[in-house]
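In the two complexes that follow, chain A is the common piece, with chain B as its partner first and chain C second.
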Partner chain A sequence: MFEELRRLNKRQVALQVLNILMVLTSALMIWKGLALATNSESPIVVVLSGSMEPAFHRGDLLLLANPASQPVQVGDICVFQIPHRDIPIVHRVIKLHDEAKTGKQFLLTKGDNNNVDDRGLYNARQMWINKEHVVGRVRGFMPYVGMVTILMNDYPQLKYVMLGVLGLFVLIHRE
Partner chain B sequence: MHNLQQRLSATFSFAVSALFTVLGVVAAISWVTGYGTAATKVNVRDIRVIQSRYGPDYFDYGRKTSEFGMLKFDIDADLTPLFNWNTKQVFVTVVAEYETKTHNKNQVVVWDKIIRDKDSAKINLRKVSNKYALIDFSQKWRNQVANLSVHWDVTPHVGILQNGRGDTSSVKFTFPKFESSGGR
Partner chain C sequence: MSNTTMQEEIKINKYDSTQLKHTVDDHLRKYLTSDANYVENHQHMDVKLSLGYLSCLFAAAATYYEWKNGFQKAKPVTLICVASYFVINFIAWVYAYFIEKQDVFVGTKDGATLKISARLARLSETYTLDFHFTDGKKKGNYTLESSFGKWFNEDGVLVTSVLEADVKSAIERSTISKEQ
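Now for the complex of A and B:
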C-alpha cells in the first residue's frame, strides 16, 4: 500500500487531492440543495431518544420538510429546537392555536412514549413553541441507518479511524 | 489485477446500492398505493366546564378561574384498512377543533392511542373522558361551538408517513358557560 503511495508522482497526488475535494464539495452541495428544496436547515436527522417509541427508535433516520406555505397541523411530528439548547427534539403536536391577526402558531408537543406533554422540557414558564422553533416536520422514515452516526458520536475515535481509512483509500485508489 | 481489497469494496458498494434501491422502491410503492381510509364515528355524551388552577396534566395554569372542558364521548373506529405489509403503527387521535375571534384555528387532541397490529385496530369505546386538558388559549369557554373528529397518522416500516381524518365522523358540541354551583 505504502509502496504504491511512494510511486505516485506530484501530478497524481494533486489529482487525488482534487478528487477528495470533489467528493466533499458534492456532498456539501447535495446537503445544501436538500435544505433548499425542503426549506429545512437540517433535512435529515437521526433519532437520539426513545421518546417516540414504538414509531421511532434510537438510530432511525428521518427525512424532514418544512414548506413555508403549509402551516403546522395537529398530529404532525415536528423536530424543534428550544432557544439556547443544543439538541433538537422530535415530538408530536397535540395542541395548536393559530392567531388570527398575525398567523402566529402556538404549538404544544408531546412524545408518544412520554406520559406528560413537553412543558417540562421547554424553558421555565414557557407554555408554547412557535413555528420559528420548528426545524422541520417528519415526512420520511428509514430504520437503523442513523446508527452509524450514533456510533461515531459515542466513540469519537471511530470517526477518525473511518475518516483516515477512507482518505487513504481515495488517495491510493487509481482507475 | 483485482486484489482482495478491490473485490471487497466492489461487493460492499454493490450491496449497499442494491439495498437502498429496494428501500426506495418499497417507499415509492407505498406512496403511490396509499393506505386507504378508515371508518370512524364519534359521539359526544356529555360536556361540562369546571374551574381549576391545575389541569388533568397537573400543569399550573396560574389562576383559579382557568376553565377546563370535561368531555365524555364514544368512539367507534375500524382502522383495519390502514394496515398493509408496510404499516408499522397507526397513531389515532380524537381532535376537538373550533374557531374563536382571536384564533381562527384551534386543534386540541383530547384522546390518542398507538395501534401496532390489525387485531387491535377495531376500537369501540363508550363514555371516554378526555385524556388531555381541554382548555382554550384564553383559558375561558364562552358558549364555544366545537367539532370532534378522528384523525390518524400511519408510520411505515420504511417510506413516507401518511395521515388522514374521518370527515364523516365529525360531530358538533357546545361548551356551556361556567356556572358556579355555590349560589350566593
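Now for the complex of A and C:
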C-alpha cells in the first residue's frame, strides 16, 4: 500500500495532497455557505445540557437561523454566546425590551428546566444580553444525532484517531 | 526488453481494479517518456492541480479573514470566497468531464502527437486503450483491447515486457494508418 505511494511522481503526490485538502475545504465551504444563508455563525449546534428539557435533550442537533430583518421575540429559543465565554447556551427568551431610538434589543433568557433565569450565568453585573450575542434562533431539531459530537468532546483522542485514519486513507487511495 | 531488467518489480493487489488501472497507466507513461522518448504534456494534470489549489486558497482566505474580523463584518468577503470556491471547482469538474475525459497520456515526439485514452467498464477485466496519433494533417487510430491477466502474472507482478511490446505495436499500427 505504501509502495504505491512511493512510486508516485511529484504531480501525483500533489494530487493526493489536494484530495485531502478538498475533503476538508469542501466541508468547510459548505458550512460557510450555510452560515451565510442562515445569517448564523454556527447554523448547527449540539445540545450539551438538559436545561431545556423536555424540549431538547443532551445530544439533540439544533438547526438555527438568524434573519437580520426579524427582531427577536419573547418565547423564541435562542442560542447565544456571552462575551469571552467559549460555549454557547440554548435558552428561551422570557423578557424583552426594545429601545425605540436605536432598535437595540435587551433580552433575558431562562432554561425551561431551570428554576431561575440566566442572570447568574451572564457576566458579573450583566442584567441583559443583546441581539448581537444571539448566534441563532432554533428552527428545527434532530434528536440524538449530535451524540457523536458529545462522544468526541468527552474523548478528544477519538477525534484525532478518526481524522488520522481518514487522512491516511485519502492519501494512499487513488480514485 | 533489456532495459527493463534493471527496474524494481512492481507488485500490487491483483484483485483491486483501480490499482491495476493505475499501475498500467503509470507504467505506460514511464515507458513512453523514458524508452519511447515522448515528451509528456502535463496540461490536464496542471490545470487540475492549479484550479484545486486555487480553490483551497479561497477557503484559507475566507477562514483567515473571518477569524480576524468576526462573522458579521466578514460576510461580504466570505460570500465572495464561498462563491469563488464553488465556481472554481465547477470549472475543474467541467474540464475533467468534457476536456480531459479518459485521457491517460498526451505526449509529443518529432512534432507528432500521441494521445491515449482508456476505457475500463465497472467490474470488468478488459482494459481498452485508444491510441490517437496526429502528425500535421495525418491522423491515425488504433484500439488496443486487452485483459489485465495478460499484463500481470499470478502474483500480481506487472510483466513490463509484455505491456511494453503491446504498447509499442499499438503505436506502430496507429502510425501506419496515417500513411494510407
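As a working rule, the second predicted complex is superposed on the first by the 160 of 175 C-alpha atoms of A that agree within 3 Å, B and C clash if a C-alpha of one lies under 4 Å from a C-alpha of the other, contacts with A are read in each partner's own complex, and residues count from 1 in each chain.
By our rule, contacts are C-beta pairs under 8 Å (C-beta built on N, C-alpha and C of every residue); 3 or more make two chains touch, one makes a residue touch a chain.
All values reported here derive from a predicted model rather than from experimental measurement.
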Which of chain B and chain C A:Arg11 touches, first, second, both or neither: second
Touching partner for A:Met22 - first (chain B), second (chain C), both, neither: second
Of chain C and chain B, partner touching more chain A residues: B
Contacts of A:Leu168 with chain B and chain C, given as first, second, both or neither: neither
Which superposed partner A:Gly33 touches (first chain B, second chain C, both, neither): second
Touching partner for A:Glu41 - first (chain B), second (chain C), both, neither: second
Footprint overlap on chain A, comparing chain B with chain C: none
In the complex, chain B residues that touch chain A: 9, 23, 27, 57-59, 88-89, 91, 93, 95, 101-109, 112, 114, 116, 132, 137, 151, 153, 155-161, 163
Chain A - residues contacting chain C, complex: 3-4, 7, 11, 14-15, 18, 21-22, 25-26, 28-29, 32-33, 35-36, 41, 174-175
Footprint of chain B on chain A - complex, ascending: 54-56, 71, 73-75, 77, 92, 94-101, 106, 112, 116-117, 119, 138-143, 169
Chain A-touching residues of chain C, taken from the complex the two chains share: 10-12, 18-19, 22-23, 26, 42, 45-46, 48-49, 52-53, 55-56, 59, 62-63, 66, 71, 75, 78-79, 81-82, 85-86, 89
